[in-house]
Every structure is written in C-alpha cells, then in structure tokens.
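Chain naming follows the written order as A, B, C, D, E and F, and within any one chain the residues start at number 1.
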C-alpha cells in the first residue's frame, strides 16, 4: 500500500539523518520533545491528566473502586492498569479487543508503579479480608506521534499524584462527589525509553523514528536511585554496554521530567 | 438510573438549579484540527462534557466484501472512557454505546455526499472523556465539525442538542440532575440547520404530543445556536490557515452562557 | 450478487407504486397487514406469544428470575430485554454475537416498556436490598418480512400480559410448575413505526418496502395518551411536520392493535 | 442433572406415568413450508417439544477458503430459546448445543447428495421453543423434513427417536420425568429408514449389551413411525401445491397416540 | 493446497490396503498401537499422565478446586472436562476458542466418566450446600497421529487414578503441597473407538486412516460389563450389526488396555 | 503475588535453600525431535519446569494481507496448561502469556534469517506443563532448539536464563521460593551467545545499577552454560541421524548440577 511506502521512505530519511548525527526535527539524540501536562481533565475521574509530548497525546484517568481482596493478600489493595490504543490516534489502530502492543505497554507501566512500591498496598485496605481499594489506572491514546510508553507513564503518574480517595458510606458504597483525602505516593516512578536506530541511541523517538528503530529499552526509575522495571522491545538487540548507556539515560531523563510534574 | 424521590422544583423564577434560563445552553467550546494523525478532528467542551472526535477517510473499505460500489460507508464509533462517568465504566463497549453509534452514524449519512466516494469508508471515532448528560449530541456536534475539518463535502453541518422535561418544565440542554428528575424526559435531536431536516431523534420518558411540540421548537432553536459555534470554530481555523500561521491554534470558539 | 440486484429491482417497483399512491400488496398507506397473535406457545416460559404480521413471524418469551437488586435501587426489580435475529428468518441474518440492528430493536422495545411505567418495579421487589425479580423478555425472529420492530413490540407486550409469577420456596428458589399470581401491567405500551418511502409515509412496511425506505420513525404510545419512547432510524430525514404525522399515526395504529391483544 | 432419589415405578401394568405404553410415541405433528423467506422449513410439535427448522441453500460457501470443490458443506445449528427450558438458558450457545449441532449435521450428510453441489453450503437452523426431553431428535426430524421441503435431493429422509431406560424398563421416546430416573439411560438415534443405516447414535447412562439389543429394536420401530408422519406432512404440502391452492396451509400431519 | 493432495493420496492408499485386509503399518484390524503411559508428569497437578499411543501424544492433568455446589445438588461435587487441541500437535490445529471437535471429545470423555459413576459425587461434598470439590480434568494434545478420543480417555483415567486430594485449611483454602488422601475410583471406564474404512472395522486408527474413514463409533465400557456412553461420529453410517461388532470390540480392547494402567 | 513477610536467609555459607550455589543452574535436560507432526520440536526439563515446543514453517502466511514481502513473520505462542501452576489457571490465555509471547518472538527474530522466507510465517508454540519460576526463559530455550531442529537457518541459537536477587544476594536461575522473597528481583534475559547480543531483557523489583552490573555478568555466564546443553542436544540428534538409526531417540542431553 502507498502509505506503507511513504512510511518506508520516511524511515530511510530518519536513518540517513541519524548516521549524520542528526534528527529530522533537529533535536539532540537525548532530547525530549516539549512536554505539556494538563491535570484534572475529567471531573468524574478521581484523578486524571492529559500529556502532550510533542504531538503525541495521551490521557490517563483513575477510578478507585472498593473490591474484594485477593485470597492470599487479605489486607492489601491492588492496582489494575489498562491502555486502549484508540483508533482516533492513528490510521493504523483498529477498534477491538486488546492486542499485544497494548498489553505490553499496560504491563510495563503497571510494573513500574507496582514494583517501585510508590503505593502502599496495605494502606489501600478498607477492611481486612473483606474490602480493599482497587486503583484502576486507565490510559487512552489520542494521537500517536511516537513514544507512547513514556507519554503513558507520565500521564499515569500525573493522574495518580492528583487522585482523591472517594468517601465511603454504608456497605462500602461510594458517596458521590465527596472525598476522604488524597492518595499518597511514596515515590515517583517514571519510564524513560531509549531507542536504537542505525546503531545509535536516541530518546523520545517520534513515530517516524519508531518505524526506523531496531530495538528499544525502557527503564522505570525512581528519584532515589532505583530501577523498578525494565523491558527490551523490538526485533533488534543491545550490547551489554548499550544497556548500561540506556539505564544512565533513563535516570537522567526521568530526573528532568520529574521537575515538570 | 435512580431517580430522586423528593419533590424538587427544577425551574424557579425562570431560573434552573444551575442558574440557567429554560432556553439556555451550557457553555460550549469547539476547536478543530487538534490531532495531527487524523484527517480531521475536534475537541469539544459542553458544560462538564468533554469530547474528542477524529475522522479518517474516505479510505478503502476493507474487507472488500463490505464495499458499496455506489457510495461511501460511514462507521461511527461512540465510546466512553472508563473514568468519564460516576461509576467506573466497563472498558468493553456496551449496548448503549452500540445503539448511539448506529443512530449517530445514520444522522451524518444524510449530511455527507457519500455517492462521491464509492467503495470507501469514512471512519468517525468519538471518545467521551468526561460526562454530565447530553454526551451523544455533544459527540455528534464534534464529529460533524471534524468531518468538515477533514474537508469531506457535506450538504450542511449536523447540529444537535438535547431537549426535554424536568419538574414539569420543558427545558433546553438538560444536565444530569435534570435528567434524574422523577418525571424526566430526554430528547436528543439533530438537524441539518439550513433545512430543519431532522436526522436524529430519540426520546424516553412520558411525554404528551403537546409537550413535544414545545420541545421541538426549543430544540430547533438550540440546534441553531450550536450551529453558530460550529461554524465559528471552522472559520477560525481557515482564517488562520489563510494567514499561513505556523503556530499551533490555541484560541477556541466559545458559546458564552446566556447568548 | 444476484440477490442484491433482485432486491434493488423490487425496491424500484415499490417506489414506483408509492409515487402512484399505491403499495405492491394493495394496502392503504396506513394499513397494517393481518395480525395473528398466539399466546402461551411455550410451557417452560412464564409467558410467551407468537406474532404473525403478514408473513413476519416473531416470538417473545418471558422468564422471571430472582436476582440481586442494583445497589442504587435496593427495592426495585428490573427488566432485561433481548432480541436475536435468528438466521432462520432471513438469508441475510448470520449467526453470531448481537449486532447493532438487534441492539437498537431491543433497546427501543425496552424503553417503551420501561418508560411507560407499565411495570411497577417496586412490586418486583422480593426482599429489599436482597432479592428482586428480574423480568427477562427475550424475542426471536422466525421470518423477516419487514417491520420487526412493531411485531416484536406486540409479541413482548402479549407475552407480558400472560406472564405468571413463579412461586418461591426456601432461599428464593423457584418451585417448578407453581405460580403465585399474574404479572400486573398498568399500561399497554405499543410501538408503531412509520416508514418514509419516496417522500411518503407508510405503516407496517414489508421487507421489500424497507429496502426502499429513506427513514423510519417508531413511537411507543400508551392508551392514556402518552408517548413513552421514540426513535428515528435510517439514513434519511424527517421534517418537523412529518414527525407530527408519524406521531398521530402511531397513536391511531396502536389503538387498533390494542383491541386485538 | 438432579435425579430423583425415591424409588419410582416408571411402568405399571404396561402403562407409563403419562399413560403411554412402553412402545408408544408422544403425539407428533409436522408441518412443512411454514416460513416464507427460507428455502425450506418445518414446524414440529412432539409432546411438549416445539421446534422450528429452516433450510437455506445450497448457496455459495463463504469465505471462499472453506469451499469444498467436491461436495456441499452442511452447517447445522441447533439452538434453544432462553425460555424453552425450566431455568432460563444463557442466550450464548453452550457446549451441549455445539455437540448436538455437530453430530446432527453429520447424520444428515449421509442422506443428502452433497456431491451434486460443490463449493456450496447447505445451512440448517433449528430453534427449540419449548422442551421436554428428546429435543435433539425432534430437531433432526424437523430439519430432515425442511430439507425435503427445500427440494434438496436426498437418498432418504432421516428419521429419529429417543429410546432408553427408566426404572429398569426399556421404553420408547422418554419424557423429562423418565430421563430424570435414577437409572435413566438416554439413547438418541437416527436412521435412514429404508436401509436401517444408523446415522446418529449416542448414549449415556449405564447399559448392558443385552439391554441395548432390546433398545435398538424399539428404536428402529419408533424411527419408522416417525418416518410415516414426515412423509405424510410432505405429501400434504405437495398435494396442495398440485391443486394450486393459494390459501395458507393450516392442516398438519398428525401422529396420534397409540397408533 | 499441496498438503491436501498428499493427504488424499495417503487416504487412497489406506483404502487400497484395507480392501486387501491390510493396514499400512501391518497391524491387525483390531490391533492397537504401542501404548506408553507416564504418570505424574506435573507436580503442580493433583494427578497427571502422558499417553503415547504410537506417535499420538496427549496429556491430562487434574486440579481439585473447592467450589459452590449446583443449587439442585447441594451435597454433590462435580467434574469439569476440557480438552485443547494444541497447535503443537498438528499443522491443521489453530489456536483459538474451542471448536466442535474439541467440544465433542471433551463431552464424550466427560460422559464416560460421569455416567460410569466411577466417582461418587456425594463423597466430593465438603460441606453440604456450601462447598464441594470440582474435579477439573484438562487434556492437551501434543502430537496428533490419530485416535485422540481413546488416547485422551486413557490419559484422563490414568491421571484420575493418581489424583491426590488437596488438604483444606481455613475457609476452604487449599494448603499448598499437602494432601488428605487419594481420590477413589469405583470403576475404570475406558473409551474405545472403532473406525469404519471402506466398509471394514478397524481399531485405533492413525491419522492417515482417519482421513479415509467413513464413520467412527466410540464406546465407554467398564470392567463389570456396562457401557457408560457411546457416540457415533463422521458422515457415514453403521448397520445395526456393525454397531454390535463395535461394542464387542470396545469391551475387548478396554480389557487389554486396563491391564496397562 | 504474596511475598513472605518473615526475614529469610536465602544464601547461607554460599549455599541456597535448595542446596545450589549462587551461580548454579537447576538441572537442565533438552531433547529435540520429540513430536512427529511438527517440523521441529523440543522437550525440556529445567528443575521442576517442564516445557514442550513445536515449530511449524516457514509456511504461507494467511490471511494474505498479513504477509510481508521482505521477510518471514514470527508467531510465538507461550501458553500454560491449567494444571501447571499451584492454583488452577484459567484456560483462556491471559495478559501475562500475551506479553511473554510478544517479547519472546522478538527475541527470536534477531536470530533467524527471516529475509530468506518472504511471505511466510514461522509458528512457534510452547506449552508449559509444570512450572517453578523461570518458565519464559525455559520456553525460549526450548523454542530455539526446536527451530534448529526444524532446520531453520539461524545466526546463532538464542540462549536464556533468569537471574535476580533474593535476600540481598544476586543469584542465578531463581526458583519459586526465591522469586517470592520480599526483596525479590527477577530478570529474564536472552542472548545470542557468540556475540553476547541481548535479545530479551525484562526486570521487575527494586534494583540498583550496581546490582544490575553484577546480575548481567552472572546472566551472561548462565546463558552460555545453557547454550552448551542446547548444542549437545542437537549434536546428539544429528549424530544419530548420521548413523541412520531407525530407533526412536531416547537419550537426552543433560546439564548436571554444579557443572
């Protein structure tokens, strides 16, 4: 199809430029696009945020819902992370059940939040063995110009940081429009992705760059020097040395982004 | 679902509980061309309702056997984000979303010159990000503006509004509290404003023919107010395009309260 | 495909006739086909009816099942309306999950019944906050010769009017074959559809006429002068004046049909 | 599922609980040509069981890759209405319906001259509207008559009946009470009556080979009784067709009790 | 497709041989291939077995799970039998939801076990009306060289015969790694299938033979002379006399196989 | 999911709770060519983990529109049997299985000369029959051997191992008890051993860059041990093939403890 050919041609140009040490939009290899975070974009959500990373546009919304605890963790609440690649966002996205790209993104964002222990699951207990909070973190893509992983991670964290805990009435029913406080986050885990193109490492790849990519490596880091999750994707490979560079880049970039939350 | 039991006065001294007059819209803001990947797009805020619409097409309809050699197909998808409603919505599209998608797509078919694009599909996706009654008409208004933004030739825009009854009064653009009135009637309607052709009309609640006549009049008036905001949003974009500004469009067309 | 061509030719003939003030089967524009209602066609149902409208053939069956109340309406029972366009009924129906035509029909019939308040949901309460009756109204198409909306609405109402309430034993279990009375209906809401063909309004369109239709307008009316629901369908439009005519026709036709229940 | 615990005598002085003899069918009525859109159709009542069958085809099998260049495919769908059973049935087809559809379709394949219609499919849809044991054989009998009504060339009709055991007795055409006996054995069987070829045979329950021999004999006899009713229903329709009557057929072929 | 042609050619050869009283692998008509049963192949299962029947390779595993009783049988446990035709096993199997062949196999194996009353469902009751054992019997195909029915039946029975009952702690929770005894089987029902090819009856058909088959007849027999289930499959037919032969063969073959359990 | 609360020492005097050293693999056995219908296959036991892998292809990719004219597609399906885990697994594949399938398929793409087989698909199916931590790397090791067994041309085998942290210690090839440690970190990794190119790498848990450096070293070493067992399994089969033995292969390549 014609559109595929156009994409291939753009990918060729990306590679040409990268080999000359350049990116098509003149960014430095490790430079993120302009980030704009808009908070509380939905009153019905307990917390929400819209993230623009260049023209990449994603939304995250939080709903806290009283639910049954897992049998083996009777005093712990839980999180549930989902993403939908809305067909609004790209001519390549089709409506339908979740596919592997969505599943991977949701699970990597999930692990960054879960493993960083930024949420104390025991504090999400309402009554031991009976009722706990389930924190639903749902993300939607509005416009895909690349790097959905990082954009979604920023949106999810931004939305969590704004989240108000609903007030509960009798029989664990939510009292609409009333809140009992804010959700406490002990850490601010952020996922930063490094993309390998023509043997070079770049950050915050745009859509055209992703078409030219060999592989990507995403690391969720915390402000106190930990990694909470990482994930290699794509059909290419990384040398051990490249992985170390990716890790360094992720720490550095997350630090910059964290200032803008 | 749960309707209030106690007797409430929904209109008092000509004013509604949120301060509006009976024939007054909630504030309406429309901006087109907001998404770079889509062929046409629109962001809309209407009171608390927040909607984004995108249009792709006309593009080849696939699989081939669904193609119509005489005209373009219209595929309209209305969806609600899980967090856009008071209780978390199941992410799977429900029957309500399916029905709204069907009647909304049919409403747009009358407006578009479909016969010019045989064998293609025009895909319209609308996502509700926040809601407070009236999302289906908000979605249709946004979709119509996104179609125009995509440059798809149309007889006219589709303009839409909700009209109905609460506490015995016929009022325009009901909000959620009003829709939850014990005697609430909800009438989403959409028209081609220039000819007043009705392209979407639904109702539920107990209504007499006389009440309907009053509601219709109000609805037509409301649709035309919405029409002006739609046109203004498109005008703004095209003016800017003419000036060949390269900055992103940050201004938005606004329908202020009590116009 | 050949069958499509045949359908197009028939639609042309319908339009030709309508323009001359005629219908292919010589009915008047506002005339319904012969209606035959057979009640209690299934002993296992709590109520059931088969409706023949000309050659259009549909069946509705009722099952009352003890269920949990919705959290926000602890003293109210509920209804659940479904329709399956059985592939028996038409070469165009395929088996599979519900499609938008089925969903629309079921929801419009649902609203006519629900909003007319013909069923007192509070009387469907078994024990407040614990158990309520769910009235399942399931409709099936046997033969589609047009106007499934009205045929299904008549079948659903006929079946409801015959419905016996199951007797309950211990722990809300149904005692098979025993009943505690009949379901009470306060009103008799009926859906009547007017179809616009070549600019003219006709009632009870047959299948060939539906192929030629621009748009349809269905109104659920009650015997005491209310409308409980309406719905415009199809890609055409109605003028405000036409809508008024449709409403008048729906009241008049429902009155005629109500006599035959 | 729940079988009665107390000892019941299912046959007493040669009579069953519902008054039938051990070798007696429940009343059976068959009418063909009942649905105008289908190529062939049949309405059947067998005791409390009520079944409608429709046949479409032979028609092009789609998608193309499922076509067989040597013969027609048979697609048989047995479904139960939600209200056709004591507890409301989930509307989604279950594993039982899937299995019955498979073995019933295979039973018909032997009867139809499939090789005459390469690349096509013959679709057979059967809906159970009311039930009281024996619906799969009732469905097959109706489907077979509907195939004949559709004019599809067949070696022979497929005739079918249930046979089995209750309270130690081998009996014909079990009803639900009998199928719920603690020692119940249910054997649905279908044959081509002219040659006694067995095309459907299933069993569950504990049965000895000796009991089976007795059941088989009874089943063959029952199938042939059913065969006569099927033929009579078709004969009635064709006679009427010959007389070129334009009135709808309201008479039905009937198998009276105790024939 | 080429592969179809190859299969057709092999089927022709099978038929040619059968007509001469031979099978391609020189077995007698009623002779099974070499049977190898390996028990306890999965520690996480409560019982498991792998069955090789010639090159046909299937696995069955048992999980006993505390569940809610059916409302009409409050003192009875239950079984749930499933099979997945893994795409490992054949180029013709595709991943996806269960299809009619899988459903048929699972249901026939289920009936053989259930109707033989080898498991006393009342002994599977944990607390009347509250908690009962559900015995999940899940079968997987590894390599399909024909006669999956018999192989799966042997695997299911072998796995059941090894099954240990999990120990229960508070609130019916399973204590991991501890057991309270072995599952008792009163009978050993086995399914043996006879296949009709070119008018002749053969047992344990391999894959090529199944391609040439007219019909098959499977009988589940017990060691004390009962049949618990049978099922005819395929588009061909059997004469009453042939059915009797099939039954005799099934009793005889099950007796041989039972010795190898 | 539930991590132990009490303080446990996971390594004591250089020995782990199951007796292994910190850099020691669990016993690993690999056998190829175990399934006759598949183009390539492998049975693998790694501690308690038990895995079977099958390869089909390169074969025509269908439906046609998914074909890539430049290279073969890789479809990798990792699935767990319902009984392979402590609690019965839902038979429907879950999100975990979907993610593992995706990253494992990508890991193999680098190894295979995909460009030699345009328009085809290489299907790799792996079933987990028993599990005790590390199944995704076990599956990948088996899949890689099955690909070689199928004769599919590869740059190198993919070798894989789990590495991670428990009780503060960086250890190789964690078992389930270790993965349930309160501070557990799990790092599945896969490489092309000859070039040390990393083709799969995931992690979850709290880890510092310094710990990672140590873990990486250990992982690379572990992968190479695994590589030797893979090669030995293939060598064994090919030697036997050369000898033209007609008996089935019953010997298996074994990685003994503490090699």
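Simple rule for what comes next: a contact is a pair of C-beta atoms (placed from the backbone, for glycine too) under 8 Å apart; a residue touches a chain by one contact, two chains touch by 3 or more.
Fair warning: this is a prediction, and the values are worked out from it, not measured in the lab.
S.K.: Determine the shortest chain-contact distance, in steps, between chain A and chain B.
M.R.: Each step joins two touching chains, and the minimum needed here is 1.
S.K.: As a test of understanding: of all chains, whose mean C-alpha position lies farthest from that of chain E?
M.R.: That would be chain B.
S.K.: Which chain has its C-alpha centroid farthest away from the centroid of chain A?
M.R.: D
S.K.: In angstrom, rounded to a whole number, how far apart do the mean CA points of chain C and chain F lie?
M.R.: 58
S.K.: Averaging over Cα atoms per chain, report the distance between chain B and chain C in Å.
M.R.: 28
S.K.: Chain E to chain F: how many Å between their CA centres?
M.R.: 31
S.K.: Where in chain E do residues touch at least two different other chains?
M.R.: As it turns out, chain E has no residue touching two or more other chains.
S.K.: Within their complex, state which residues of chain C touch chain B.
M.R.: 70, 72-73, 98, 100-101, 103-104, 106-107, 111, 114-117, 217, 222, 225-240, 243-244, 247-248, 251
S.K.: Within the complex, which stretch of chain D touches chain E?
M.R.: Going through chain D, the ones touching chain E are 1-2, 95-96, 98-99, 101-103, 106, 109-110, 192, 196-209, 212-213, 216, 220.
S.K.: In the complex, go through chain C and note every residue touching chain D.
M.R.: That would be residues 41-46, 48, 55, 57, 59, 61-63, 65, 82, 84, 86-91, 95, 136, 138, 140, 142-145, 174, 176, 207 of chain C.
S.K.: Okay, in this complex, where on chain F does chain E touch?
M.R.: Touching chain E from chain F are residues 35-38, 41, 48, 50, 52-54, 56, 59, 77, 79, 81-88, 91, 123, 125, 127, 129-132.
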